[in-house]
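Two complexes, one shared chain (subunit A), two partners (subunit B, subunit C).
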Partner chain A sequence: MTKHRSAIEDAPNQKAPDASVADAYREYIPLLYTLADDELVAGHRASEWLGLAPSVEEDIAFASLAQDEIGHARFYYELLHHLGEPTPDHLVYRRQATHWRNSRLLERARGDFAEAVVRQWMYDTWDAVRLEVLIQCPFPALADGVRKMQREEYYHLIHMDAWLARLSSGGEAKDRLVRAVEAVFAEAADLSVLPQELSSSVSGSLNWEQAELVFHQRIEQALHRYGLGNARWSLPGPSGRSGDHSASLTELLGTLQEVSSTEEGVRW
Partner chain B sequence: MPVVADADLKKAVTERFWVLTDPEMPAISLADLGVVHAVDVTDGAVRIELLPTFLGCPALDFIRDKVRRDIELLPGVEGVDVRYVYDRPWTTDDVTAEGRRALRNYGIAPPVAPGEPVPCPYCASTETERSSRFGPAPCRMVYYCNSCRQPFEAMKTL
Partner chain C sequence: MEGVKEYGAYEVFVQRTHQDAHVHVGSLLASDVSMAILLARENFLRRDEAVSLWVVPRTAVASVGGEDVDFFAREFDRSYREVSGYADNALRWKEFKSRALSLDEVIEDVRKP
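What follows is the complex of A and B.
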C-alpha cells in the first residue's frame, strides 16, 4: 500500500526546455524526420487492415499495432517541435510528399495479407536494430523515448514472427509468402539509408554500417528458418530518405490530409 | 505567503491520485497503476510528472487534462502543470499490489513474469490460453479460460 508513495519523487523545479540545450541537438533533426515519418506511414498502412484482416483478432492486432506506431510517431514529432520545427499537426497534415522522409517500403499500397505481414516484419526487424543503436545515442530525450518504444515493439515483432511461422507451413499461404518476400525486397533498399542532410558528427556516432549488417543477418536467418530462400537485397535506387517517393505516398497523404485540407484551421 | 503550506498541498495532491482513475480501467487508481512519477509544489504552483503506460495510448491526453482540472480545484493551488516524462519507462512492475487486486476484480488478469501461466481473473484456474496478443487497448491481450469458459483480458507485461 505504501509503494506508490515512495515511488513518487520530487519533481525538479527547473525542467523548462532550455533553448541553448535544444540547439545542441538540432543536428538530429534529419534523423528524427526519418524515424517519425516511418512510424506514421507504417501506422497508417497498418490501420487500413481494420475490418479486412483474416480474423477479428487480427483486425484488432493491426489496429493496435497502428496505434502504437502512430504514438511513437507523435513522440518523435513532439521532439522535432521541441527542437524548433513546426507542430506535430502541421508536420502530418500540411506537408507535401516531397518533404516526407519515410522509407518507400512503408508507403507501398496495401497488397495481400502475406505482403502486409512480410513488410511489417521487415520493418519491425530493422526498427528493433535501429532502436538498439539509438538507445546509446548522446541525446537523452531521444534515448529515453527509445527505451520506452523498445518494450512495445517487442510485441509487434513476435506477432509477425508467429505469422511467418504459420504461413510458411505450405500450400497457398507459402506461395503467397514467397511472392510477398520478393515484392518487399524490391522496395526495401532505402530502409537503412541515412538522410543526406545528416551531419557527419551524428552519422559517425551511430555505427550505422554495423546496424545494417545485423539487420541483414536477422532477416537472412529468418528466411532460412522458414524456408523462404535467400535474401535479395536490391541496390540503392530512388530513396524516400531524400524525398523521392512513389505515387503511393501521394495517395496515402490524399486520404490522411483530406479533412484538414478542406479549410484553414478546420477541427474534427 | 500561500494560504496552504506547500507540504500540506503536496500531501493533498498526492492523495488525489488514490481517487483519480484511468478512463479505460476505472477500477484502478493512477497511484496504483504506478504512473505518477513526481509531484512538486512551490508557492502553491503544482508540477506533476506522469509516466505514459503506452506511447500510443489514446487515453494519455484525457488523463493529463483530467488530472489538471481536478488538482486545480484543490484549495491553495496557484496553477497546475501536468506533463508526461520519459526519464524512465513505465513498466508493469510499477503496478502496486493493490492495483493488481483491483485489476483482477475488474476482470483483467494482472501482468505475469514472461513464460508464467496467466491465471483466470474469474476462477483463478491456470488452464488458460492466449487468443490474441492484441486486445481492445494497447496495454492488453485477449485470453480464454478453459476451466470456466470465459474470455478475459490480460495486461501485457512491459
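What follows is the complex of A and C.
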C-alpha cells in the first residue's frame, strides 16, 4: 500500500520492531485478514466506478468512499504487520486468491450502478454492526482504529441509503434495484461468517450471533421501507472466509497485481 | 419520494477554519438538497480540512449581473474613499519603535500619572 511511486517491500517475514509486545494479540490475526481484505476488495471494486458513475458528482463521491475503504484496509494490514505478518505491500501485491479472506459478495464483478449501490449498502450495513462489536474488543489498537473508522463509515451508510431511497422511487431505477437485491442476496451468505482459524476464545468474546441478528433486522427494515420485498438470505455455501473464492477475485487480483507481478522488485 | 424530481444546481461554500469566511468552491447537480450535501462532502472535503459547509440552491441566489452596467459604474474619482493614505503606516510605526529612547524620556514616561 505505497502512497507514491515506490517499490513494494519484498521482505515478507521481516517482523515489526514491537512484534514481541504484540504477540498477545496474535489470536486476532484471522479476524484481521477478513476485515482488511473486505475493505480492500470493496474499495477496489468501488474505485472501478471512476468515470462510469451516473453523474460526475457521484463519480468523485464514489471514488472518495473507495479511498476511505482503502485507508481502512491499510490500517488493518499495518496492524497485521505489527503482529508479525508480512508487510502491507506484500499482503496486497503478492498474495494469491486462495489466501484472501474477503467475502465473495465484495469480489463480484461490477454490475450496473444499482447493484453497486445495493452491494455497498449491504456491506456497509454489516460493517457498521461489526464495528459496533469490535469497538468493545479487548485489543486496544484495534478498538482505537475502529473508533476512527466509524466516523467515516457513518457517512458511507448515509450515502448508500440516500441512493437506495431515491432509486426505489419507481421506474427503471426501481426495476434495476429489485434485480440487484436478488443478485446481492445470492452472494451475501459468507459476509458474517467468521474465519475457521479463529480461536474459540476470540470468537466467543465477540457475540457474533447477536451481531448477525441485528444485521438481518436492519437489512429487512430497509427493504420494507423502500418497498423492495422480503429478505432472501441464502444458505451458507462456498465461503471467502476459507479462501474459497470465485473467478472474479482472480480477475480482480490480476488487475491489482498486474504491475507488481511483471518482475521481482519492480518499481512504479 | 414523491414523483420524479428534476436535478437542480447547488452552489457549495466551504469554511476552512473558524477564522475564515465561507468561500464559494464550486457547484454541483443533485436531486435534492440532502443529496447535494452528501455529494458536496465527498467532492469538496476530500482533501483539505474544513469546519463548515453550505449548500445553496442556485435558484435561491439573487444576483445582479454585468448586463446592468450602471450598477457597477465608477464615474467619479473615488480615491478619497480608499485607504491608500495609510499605506506607509507600518513603516512609520517601525521607525517610531526603533528610535532609541533617551534616559530622560524613560523617566518622563514612568512619571506619567
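Simple rule for what comes next: the second predicted complex is superposed on the first by the 248 of 268 C-alpha atoms of A that agree within 3 Å, B and C clash if a C-alpha of one lies under 4 Å from a C-alpha of the other, contacts with A are read in each partner's own complex, and residues count from 1 in each chain.
One rule holds in what follows: a contact is a pair of C-beta atoms (placed from the backbone, for glycine too) under 8 Å apart; a residue touches a chain by one contact, two chains touch by 3 or more.
Since the structure is predicted, the reported quantities are computational estimates derived from the model, not experimental observations.
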{"item": "Touched partner set for A:169, first subunit B, second subunit C, both or neither", "value": "second"}
{"item": "Superposition-derived comparison: subunit B or subunit C, residues of subunit A touched", "value": "B"}
{"item": "First, second, both or neither for A:70, with subunit B first and subunit C second", "value": "first"}
{"item": "Subunit B versus subunit C as contact partner of A:235, first or second or both or neither", "value": "neither"}
{"item": "Which of subunit B and subunit C A:158 touches, first, second, both or neither", "value": "both"}
{"item": "Set intersection of subunit A contacts, subunit C complex versus subunit B complex", "value": "57-58, 60-61, 64-65, 67, 155, 158-159"}
{"item": "List of subunit C residues in touch with subunit A within their complex", "value": "1, 4, 7, 28-31, 34-35, 38-39, 41-43, 46"}
{"item": "Touch list for subunit B against partner subunit A, complex", "value": "14, 17, 31-32, 34, 36-40, 42, 47-49, 52, 54-58, 86-91, 94, 96-98, 131-136, 138, 142, 156, 158"}
{"item": "List of subunit A residues in touch with subunit B within their complex", "value": "1, 3-5, 7-13, 57-58, 60-61, 63-65, 67-72, 74-75, 141, 144-145, 147-149, 151-152, 155, 158-159"}
{"item": "Footprint of subunit C on subunit A - complex, ascending", "value": "55, 57-58, 60-62, 64-65, 67, 155, 158-159, 162, 165-166, 168-171"}
